[in-house]
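Chain nomenclature is as follows: A, B and C, assigned in order of appearance, with residue numbering initiated at 1 for each chain independently.
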Amino acid sequence: QGNVAIYGTVDLALTRATSGGAATTGLKEGGHTASRIGFRGTEDLGGGLDAHFLLEAGYDPETGAGTLPGPGLAFSRQAFVGISGPWGQIDAGRMYTPMFYTLFRADPYGVNAVFSPLNLVSVTDAQPGISPFAARASGMLRYRTPASSPFLADIAYAPSKASEPSRRSGEFKGATFGWSAKPWYVAYGFQRARSGSGAAPVAVPAVTTYHALSASYQLADLTLYAHAMRTTVRHAAAPDARLLSLGASYPVTPFSSLVLEAAQRKLSGSERAQLAWTLGYDHHLSKRTALYARWLGLANRGGASATLAGVPVVADSGNGVRVLAAGIRHNF
Amino acid sequence: QGNVAIYGTVDLALTRATSGGAATTGLKEGGHTASRIGFRGTEDLGGGLDAHFLLEAGYDPETGAGTLPGPGLAFSRQAFVGISGPWGQIDAGRMYTPMFYTLFRADPYGVNAVFSPLNLVSVTDAQPGISPFAARASGMLRYRTPASSPFLADIAYAPSKASEPSRRSGEFKGATFGWSAKPWYVAYGFQRARSGSGAAPVAVPAVTTYHALSASYQLADLTLYAHAMRTTVRHAAAPDARLLSLGASYPVTPFSSLVLEAAQRKLSGSERAQLAWTLGYDHHLSKRTALYARWLGLANRGGASATLAGVPVVADSGNGVRVLAAGIRHNF
Amino acid sequence: QGNVAIYGTVDLALTRATSGGAATTGLKEGGHTASRIGFRGTEDLGGGLDAHFLLEAGYDPETGAGTLPGPGLAFSRQAFVGISGPWGQIDAGRMYTPMFYTLFRADPYGVNAVFSPLNLVSVTDAQPGISPFAARASGMLRYRTPASSPFLADIAYAPSKASEPSRRSGEFKGATFGWSAKPWYVAYGFQRARSGSGAAPVAVPAVTTYHALSASYQLADLTLYAHAMRTTVRHAAAPDARLLSLGASYPVTPFSSLVLEAAQRKLSGSERAQLAWTLGYDHHLSKRTALYARWLGLANRGGASATLAGVPVVADSGNGVRVLAAGIRHNF
């Protein structure tokens, strides 16, 4: 046990969600930070080298069930082992993708799965055949620059497990290059996924590529955030998508902060589009425990029926989504 | 890890179960206390306030599989986060119901799922359409009086997640009010569940209500226990059920105790009824480890075919159940 | 937490597997030691007695999913509780079988599920109706001699859970008797499984018996290993199988060792047979972290299509298997 630290988050919010005429009220998990429990450790190997591991399971404290995908618990949030040194770190296993971190570092909501408007990157409305954005990938080998370096490089590769008819079905690549030195953070990230998998290979895999240019800038107490993203597909009939976002966070008191972020998603050659925004307020009871409020809006244009926060939207209705939440997030 | 405590129970017994002509012998889990592993922690927020969380998974040490429902592990026994102060505590998540605690505090078997005769409250024989008794509920918001208070109040509510056709499908309410001061414990508890769920709403949900009046009294070394319970249903054709129980526990030596409890369940307008009893003996090897023996009998009347301890009973046979067990319970 | 220790292994290797014309490359878990996380504890009961428990879950760090069988986590690797004293220890639950330990103590690869040639014991090619070799069994009661004793006895029994038509469907028995005193280890182990289960009893269960004679001998730095095994079946049409193996390990440097092991499996009255071998190299970065390389070959004779390391082999093709791996194993 001297080798292992247990950590995690419990996060629940009383939430009211509406779309069209339908409304539901109840507890919903992870409005601030997705609920998780993890085990991690580091071993000093001498000579400036460390070995480390991390195993992290998601769960829903509303029911106790596992997530991603559940209902049993699994280390499907993160599971990796690696070695680090003054030159950076090498890891193997299931991890967040490099592009996820590109976005994460410039999102005041931390790409929170419920309330960040940046989740528009995961919307695939009117893009049939596309590989959905992957915040995580399995079976990756990865190199990252050390945490102390202002220059960021993060390169990951997950080989295809397919044999025939295509040896690249399910292949995954991703990278980030950036610069992080106060008050600036600027980074470019991309990831490319080929459709199919080792179990179900595809003769000519569709190739989906996500690009992101992300930045944040700290102006006294105010922090500003911006992203420009683009999705392109080869060997599939899906149009390109473009995503723009702007955000700001401001500490109203030493223990509380106000956050506003908005994002829009547009397709080439389609009227279907989305605009999403979230207004948030955090009040810290301690370093580990916070109360929070969130107000999310999503507008669907051109008869689109994308959703955020898991709210059901009637297909091709153009209905929007509104979600109001007041919750507690406790880290352990 | 300074923030998290790991706790749990491993409990296995060599068990012989008979019903009609069928008999099986083998290891069975949880004859004293259901096997579980949990993670919990408390954070001092200052000003007399604490934040706390608890995550608890059940498992079967016979096979290692998760329970409730398994086969994977999940925090489906309990998963909640809350804040406590001198005024009591507020929690959110999946928890035991208030009425479960009403029974638990006056059951020498602690409502053990295998051997407590109080499990007759979970029998639904000849009550079609009833919502089975829930020892736990998901998505609850709850207020409880502080542990130091002799006056007990425990009020919980889980809103329906349904939208149409009924916004109350799956709604859950429960409460307990009582007094606990040695040598007395007296409490009234109830819970009300509406049929259906958010995923499968019902136009006119059946409303099942459980009531319990529970008491215990300590007379020198002897402790006496009694319960009176009633189940009523609206918008369903199920008859009412009444349950009465009596129990006693006595420390035979400083390290061992003898426990006897019996309960009967009767229906209005039906001959089908049950009588259950358990004789138990506990021998403590230490504070954390005990050996135990249990002898349970269940009689079905009027051709009923209810069961306890998971023993298969032939439908409408009137067969009874006998279970003998000798086991070990180890807390960690 | 003072009562519970967390332990485990993360093991991933970049692996290339070929059989016939098919080849796959990717991360694969557990090439040195199967990935696991466990919780265990011991309590001093006084008088030379201890109570203990162990709960162990397998997982795949490539995806984070649970194993055995997954996808959720479960304590299906091991889950038991017991009491130990100067006379040995008694346990109940799910455990490795006695015969598994017979093999384990004389296998330089520790019966590793991916690369040990001893996994030929789990091959059932051309033995229809046989109960596959069980490295673990559920619901066992067990006695073992104390760890300090050079004489080894390990006796386990899992009663059938069946009632009708046969009260012995699914019954399991196993035992090991041996002697372990440097430089020698010699042991005989067996296990017997009756087909069917409590849920699916069989009128006349097939009775599969595995026998093993295992030995190792340390000659200065060189350690030699040998096994002779036999499988026989009653009440099924399966022929007998015989398995022979030889192995050696040698510390090339104080921090690294070379291991070679080969095994063959032959059937009475069938041309179908297997020969497997593995060449391995371990380099220890620390006590807890090692880098390793493995090269496994499997030859199928007489049109057999057995496999090792989970590599798909075309049915009745006689194709062999080759697996090359370079990986990291980190214990915590």
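Simple rule for what comes next: a contact is a pair of C-beta atoms (placed from the backbone, for glycine too) under 8 Å apart; a residue touches a chain by one contact, two chains touch by 3 or more.
Values in this document were obtained by computation on a predicted structure and should not be read as measured data.
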Interface numbering overlap (same over half, different under half) for chain B and chain C: different
Angle of rotation relating chain A to chain C [CA atoms, steps of 5 degrees]: 120
Between chain B and chain C, centroid-to-centroid distance (C-alpha), Å: 40
Touching two or more other chains - residues of chain A: 1, 4, 6, 66, 70-74
Parts of chain C lying in touch with chain A, wherever the complex brings them together: 1, 4-8, 10-12, 14, 22-27, 37, 59-66, 70-74, 285-286, 288-289, 328, 330, 332
Residue numbers on chain C that touch chain B, as the complex places them: 1, 3-4, 6, 39, 41, 43, 45-46, 49, 51, 53, 55-57, 66, 70-81, 83, 92-94, 138-141, 158-164, 198
